[in-house]
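What follows is a set of structures for review.
Consider the two complexes below, in which chain A is the common component and chain B and chain C are the respective partners.
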Partner chain A sequence: MTTTLKVENLNYRRNLKRILADVSLSLTGNKIVGLLGENGAGKTTLMRLIAGVAKNAKGIISVNDKTDLATRKSLISYSNPLGGMATNKRISEVKDFYQQVYPDFDEQKYNQMITFLKLDESQRLSALSKGTGEKLVISLTLARQASVYLLDEPFSGIDSMSRKKIINSIIQWKPADSLMVISDHYVSEIAPILDEIVVVKDNTIVVHKAADTIREESGQSIEDYYESLYGEADSND
Partner chain B sequence: MTKFTSLIPAFLRDRFKSLNRIILLMLIAIVMTEVYVFFQEGTGNLGASLMSYTVLWSSVASFVVFIRLSMFNENVYQNDSIRLIPASDTKVYLGSLCTTVISFLYFMVVQLVLRIVTTLLAGNNFTDIMGQIFSESGLNSGQGIAIVLVSLGIAIVAIMMVWTTISLIHLIMLSIDAFLPIGRQRIIRGILYIVISLAIIRLGAAFFNIYGTLMNGLSLGWGAAFSILGVLALVVVVESVVNILLMNKFVETAQ
Partner chain C sequence: MEFDDKVPIYYQIKTVIYDQIIAGQLAPGDKLPAIRQLAVSLTVNVNTVQRALREMIDEGVVISQRGRGNFVTSNAEIVEQLKQELIDRYLKQLYDQLHRLNISDEQIVNEVTAYIERQGDLNDDNTES
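Let's look at the complex of A and B:
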């Protein structure tokens, strides 16, 4: 069976600081995986390296066994599409740009999502609240027909009602044969849709387990289990 | 994967939008200046002032266009919305550089049309003026057109060289930046910008100095013109190769 996402012995340093050390990860199938860790643990860096926008790392990253950067980018949809985009652009212009540069962009799906999330296409990016901006990012990211979706804190700034609505809809928006990695601090809210969790701590991956296994073995909720990982360390200090 | 032909229109859109705004402002400035001249001096001097103020405002607009296009060019390297596009760094770099050149050519065409229109409005016959230039220089129209085309080619490749050199300095800095300790980045970056810029300028000056010495013995002719064109093109190619390499290996997007 082809591994959907494989990271082997990944090491990354920036500004003389070690950010990731000897990270290895193998994800297969059409799962939803929670990437958890405290602020500054290296979750975003790991996603950026997988997406190909962070450079100069040692190690191997492959998607569907493809390591070539351009091919990898065509297989990954990473939730930072507005980074660096001019803020005077309207949402409709951003969509046009997306349609032009991403051959796998599904306009119909995008339209369904912006209707569901009540986005006004005539609004400029500069006029969007943080939450509305995140809704747009989610729509653009999931409108692509990719093999791997990387959602980096996609719900920050979104009100709790919309957040629950979006989390519940993610399963229907996610293509059946794709892998989704979500990093988020609202662990209890995303826990019901997670198949596996990966915890980044002390510059490396310390846990990679199926969500059901955690519930069965430890008898804890995902959130309690995750917090216990930090609790142990705190009590040792 | 994204085709080169899809990248070009996507990159052109923002550049054209920005250029059209500058062109509009330039036209407004010319008209406003002419209205001012009309109220100050009457109709007597309108033709001559139209020609001279068009040259003045066109020069200002050209400078602004150059800065704006340079900004568009440099914005690519750290921009997630562009670097996430499923295309190789070579394709993205060349796509950006090509659209910058196309945009500049578009601006030059607008400038040419504007000059012809203002010449006609000032009461001069454009073909008469061109004819006069050719007869005074002893050239026939065929030779004249050839000289204009080669000069234009040299000007375009020279401006491309300026853009690739700016990118080279920027990309070297961004590459070094990743290895600098946090906290002292700003000071070291400032010093490095000056040192690297001076080093590249000195290197470029030395290169063109050697080239100039070699060319000194030759009389100016077609050979010399094509040789200048070739050397400039070579610098553009070498700098572009280094830029793509730096982009591919070290330069990441801003967080």
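Let's look at the complex of A and C:
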């Protein structure tokens, strides 16, 4: 099986501060991978570098063995869309923009998702609740036909009903042959849908394991296992 | 459904489907829902459903028919065996726990019989009311 996403010896500094150090990661197949770590651990930076939104890191990033930025961007759908949009825009206008920018935007799929998530296309961005905003982000991100989907904390600060709806949409509309990376600092809510977890701690990746292997080997829940990584560090201090 | 996150999810999916087969909610020869449909209804990953199915196929309980889908075996013997394994597993739990409390085999049998009789009375009461 070819490697879908490969990161080799990635190092990244900003303002003389080390953000990522010697990060290497290899993800294959059609998995859903949880990228876990505390706030500030470097999860978002890693995602932004992979997506090509952040630049000037040392190291190699490739998607389907392609390293050049333009190809990588066309293969990756990254959930970072609403920040740059004017808040007086309507949902329908945001969709039109997406359709123009991304040739792989699948309108039919998008329509199925917004019907399922009960989004009202006439609403303006400024009127959206946090949960509704995330539902729109997920719909836009998954409507692209990509090889890799990067979802940056899609569940932070939203209610449990919206969360369940979003998780359901992911299972239903993630293309069968695609790889998905979901970052979160709170794992229990997404643990059942993860194939593997990757933990970022102290600027680098400290764990990359299959979720069911963790359950089988340790008899622990993913959350307990994840927390134990931090507990051990404390006792060493 | 709610999963116990300490136990491998594929194993819990297997348990859910085996329970349905033993309880008769899924009859011999019945077609299982499509993989993605199962994943959505259980709120789990498609790959995890696939792994559970692979094991059920290996164990002969589910038969995969190329292009047509996955079916519960029509072999009644296999279903009966599955049922027996489950009964044994629950009885073992009960027996081990009572045995640990130094309750004699004879008393366990008597208690189980008496318990079933009391349950039977309760059920009768319920149906009459």
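Rule of thumb we're sticking to: the second predicted complex is superposed on the first by the 234 of 237 C-alpha atoms of A that agree within 3 Å, B and C clash if a C-alpha of one lies under 4 Å from a C-alpha of the other, contacts with A are read in each partner's own complex, and residues count from 1 in each chain.
Going forward, contacts are C-beta pairs under 8 Å (C-beta built on N, C-alpha and C of every residue); 3 or more make two chains touch, one makes a residue touch a chain.
Owing to the predicted nature of the structure, the values given are computational and were not obtained by experimental measurement.
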item: Chain A as common anchor, with chain B and chain C clashing or fitting; value: fit
item: Which of chain B and chain C A:A51 touches, first, second, both or neither; value: first
item: Contacts of A:V101 with chain B and chain C, given as first, second, both or neither; value: first
item: Which superposed partner A:G84 touches (first chain B, second chain C, both, neither); value: first
item: First (chain B), second (chain C), both or neither touched by A:E223; value: second
item: Chain B versus chain C - smallest C-alpha distance in the overlay, whole Å; value: 28
item: Touching residues on chain C, where the partner in the complex is chain A; value: 3-11, 36, 39-40, 43-48, 51
item: Residue ranges of chain B touching chain A (in the complex, touch as defined); value: 1-2, 6-7, 9-10, 13-14, 75, 78-89, 91, 178-182, 185, 248-255
item: Of all residues in chain A, those that touch chain C in their complex; value: 29-32, 164, 167-168, 171-172, 174, 176, 188, 191-195, 211-212, 215-216, 219-224
item: Interfacial residue positions of chain A with respect to chain B in the complex; value: 14-17, 44, 48, 51-56, 69-71, 73-74, 78, 80-86, 93, 96-97, 100-103
